[in-house]
Amino acid sequence: MTARVPGAAGSPQTLDMMVNMGPQHPATHGVFRMELAIDGERVVGLIPHIGYLHRGSEKLCEHEIYSQIITLFDRLDYVSNFNNELGLVLAVEKLMEIQVPERASYVRMILCELNRIASHLLFVGTFALDAGAMTPSLYTFRDREMIQALFEATSGARMMHNFFRVGGIKEDVADDFVVRVDRLLGELERGIDEVDGMLSFGEVLLARTKGVGVISGPDAIDWGMSGPCLRASNVPYDVRIDEPYCLYDRVEFGVPVGTQGDSWDRYYTRVVEMRESVKIVRQCLAQLQPGPIMAQLRRIARPPKGEVYAHAENPRGDFGVYIVSDGGERPYRLKVRPPSYCNLMPLRDLVVGSYIADAVVILGSLDIVLGEVDR
Amino acid sequence: MVTWSEVVLTALGLGALFAALMTVVLSLTWLERKLLARIQRRAGPSVVGPHGLLQPVADAIKLLTKEDVRPADAPRFLFWFAPVMVVLPSYMLWVIIPFGDGLLVRAMELGLIYLIALSVLEVVGLLLAGWGSASKYSLLGGFRAAAQLVSYEIPIIIVIIAVAVFVQSLDLRDVVGGHATTIAGRTMSYAGQGGVPLALVMPLGLVVLFIAGLAELGRTPFDIHHAESEVVGGPFVEYSGAHWAVFYLAEYMNTFFIATLTVLLFFGGWSWPSPASVLGDSAPPLAVNALGAAWLMAKVYAVAGVIFWFRGTYPRLRIDQLMAFGWQVLIPLSFANLILVATVLYYGWPTWTLPLISVPLLAVVARVAFRRYADPRKMKTVRMFTRSTRADGETVLAPQAGES
Amino acid sequence: MTGNGDRHAPPARDQAEAVASSRLTARGQALSKLLPGALSKFRPTVGAEIDEVTCLVGREWVVDVAVLLKSDTALAFDYFRLLTVVDYVETAREFEVVYHLYSLERRHKMALKTRVPESDPWVTSVSGVWRGANWYEREMHDLFGVVFRGHPDLDRLILPDDFEGFPGRKAYPLYEYGEY
């Protein structure tokens, strides 16, 4: 896509240069291709290409029973696995009117919030890398490893857990879970403070991200953005407060809302969210009581005929699942609402008019995961 | 008339210089990787040799035996010549650098001018590399590099001129050697001979030279032209094998050069603290020279360490921010430095008035920049909301108490 | 697949009864009473599915309904959540296009539905009303072949540009698939 820019009479005619960013590229978070038309350093056009990671998950779901679908959902947003699983089980539980035991709900919340911290740590590391700072990514990945060690002890896997089930969780957590999580939270707080102090108010990062990729609140709403991207544009919408699921109405936490809608706000809301997640986990640990971890159900879930839309607050935004059930053990139709998909749509509007270096920063600040964009 | 013995001595000197340079440069690569790794909580090179000290040797062997790929569209001569064009001036700069009293290959009275002239030649090499690689990315990188390097030459030149004005000589030996100079009947001794290094006299010049030197090197936070996350290597992206090794070498030789320049100009080089004053006046000249050279190398490695430290800490500036910083901050500061030096010398004020004025000036500039660009109170544009109940009983998100 | 796909058997119960017996919240109930009046011109069929208010309109009215839903201050559906195409070709020879909407201001949600025949699957695009519908429509066209008239750019999004066929449909030959 090169366009001849008509010059004024007498001035040289210029041609836009077409630069391809991706699909293999150190900066883009996953296999994602951006065709940039640049005029010198400025981006004048952008065509995003997705679909490199399309695996036909939704079609596959029509041929699998619900407990098999959980493994598919793990792999959608492969950075925040527990949150995806939660979206699915919430939908099926809503459809079947299942009351999940409290202990299971608390454990789900703890794991999901820890996963939120892990996901945001990855974001901070890669965002700093996009801006040019190499060191923070190593610090955040180390903290992430601590969280994933806990996940491994709980569910058996560092990442693709396959732990939540319709009606509860697969098995109870170990006896030392509370102690372990408590210790982990202390380390995480130190790690978060360290990375925050290292990055957030540094002059160079501020210069790179302030005022870059601004999207206003009404525009963000119109594009269907959600999560920290939407909240950074001064729209206080959080699914955990708006339509509480699990037991989020029993815990107190703050929700950071940015005022400028630029990349820095999107970055900093996530840093603050990490701290709030630590608070939530602490409260859940305090409220955790012994009890059953699974509702009384048949082994293979057979939801009645009907349709349901359930959603949860993923680290990336509003993760929705729409299930059309025909009464069988497999869904008739299952559609996922991926938050990164919607957050990625306004990329063209965000990037056009800024510099190439900004394109990288803006894409990084949106925090997309191609697994859920492409499904 | 040049005699044979001069030619032979010069050739030997050049050879020794080359060997020494290679060793130091290779050790610098090791130092950088180790330092960066430690900052990033990693081990760094630790397999090849004790503490990974032979890693640079392994790297060199790998690079030299790697296939040298040339893109089909790349013009042959330009592609081959670009690394040469970059490394040749880097090497020629070293001819006049003194490692001790009289320890240099060639003495020049206009040494500082020679330095300035040669360091500009590398820009041509980068442009050749960018253009000759027949790749859009490298072209972009080459342009960025050329613009950046040319812009940041100016503060370096002005600072060097300021130093020359202060020392009243363009000869590097005089700058370092600490030969006392007399101006307007007053003896100015500043390095060696019990004087103080120029860093204490001209801190503004030190700061400007160091930062502009970082930008000359294309090092973080000014490494946008070979930023990995964007143009992936910039002008060097199509080079591999021996050609790439030459670029790599040139980059580290330049790093070494900037560090050495900083130390020679501002930290007294080999003459502060004066080796003679440490060893005593009757020490053999060999010992004196060796100690001086050791001082010099220690200080140079320390400065290089700081350069590597920057790399592990800072993100990188965008090209327009980089240019703005160079033209709008560093160049005025370097001119301010020059004017200050000239004023102090012209009016014959005592030397200590120079830092007396430059340090507050630096502090004011830093403070203004901080308040404008990095003050957390201004920059923190994220508010905290919490769950609250509205008057009509609805649960909403509202700003936390205490926030606007 | 043991369930039968007859989701489309005409509702045996009265719509009002369906609404009353569903699990709508108070807001949902209020919305379900508001919609028939606000959209009366388009003859909607308002129902409920668990906690979502559903509203079925003819495909030619979709854009007009969308504009009204977005601009009406009592409805104020400014947030486009999800667009789905459900394949009912085996049973009813049609696709159902489902739009999930939400209002940030009024905090109520609904599912707008329309049906398109398999022989002529087109709907007018709502990407002019909510920009967030853009890629959804492209993807549904990609996977199901439903044409969204008026969409600015209906290219392949998720699948390779030279892919043939509509794999989202139930009729797509999954097991007779040849080497690509």
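We just call them A, B and C in the order they show up, numbering each chain from 1.
In this text, a contact is a pair of C-beta atoms (placed from the backbone, for glycine too) under 8 Å apart; a residue touches a chain by one contact, two chains touch by 3 or more.
All values derive from a computational prediction rather than experimental measurement.
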Which of A-C and A-B has more C-beta pairs touching across its chains: A-B
Central chain (by mean CA position): A
Greatest separation from subunit B - chain, by CA centre: C
Averaged-CA centre spacing for the pair subunit C and subunit B, given as whole angstrom: 62
Distance between chain centroids, defined by C-alpha means - subunit A, subunit C (Å): 25
Between subunit A and subunit B, centroid-to-centroid distance (C-alpha), Å: 41
Set of subunit A residues in contact with two or more other chains: 237, 242
Multi-partner residues of subunit B (each touching 2 or more other chains): none
Touching two or more other chains - residues of subunit C: 107
Subunit C contact footprint on subunit A (complex, rising order): 50-51, 54, 56, 58-59, 62-63, 94-95, 97, 221-225, 235, 237, 242, 305-309, 311, 318, 320, 322, 324-330, 332-333, 335, 337, 341-342, 345-346, 374-375
Touching residues on subunit B, where the partner in the complex is subunit A: 36, 39-42, 136-137, 140, 220-221, 223-224, 227-232, 311-321, 369-370, 373-374, 376, 379-387, 395-400
Residue ranges of subunit C touching subunit A (in the complex, touch as defined): 1-7, 23, 49-52, 78-82, 84, 86-87, 98, 100, 104, 107, 109, 111, 130-135, 156-160, 167-168, 170, 174
Subunit B-touching residues of subunit A, taken from the complex the two chains share: 17, 19, 25-27, 41, 128-135, 138-139, 142, 198-199, 201-208, 210, 232, 236-238, 241-242, 249, 252-260, 264-265, 268-269, 272, 355-358, 360
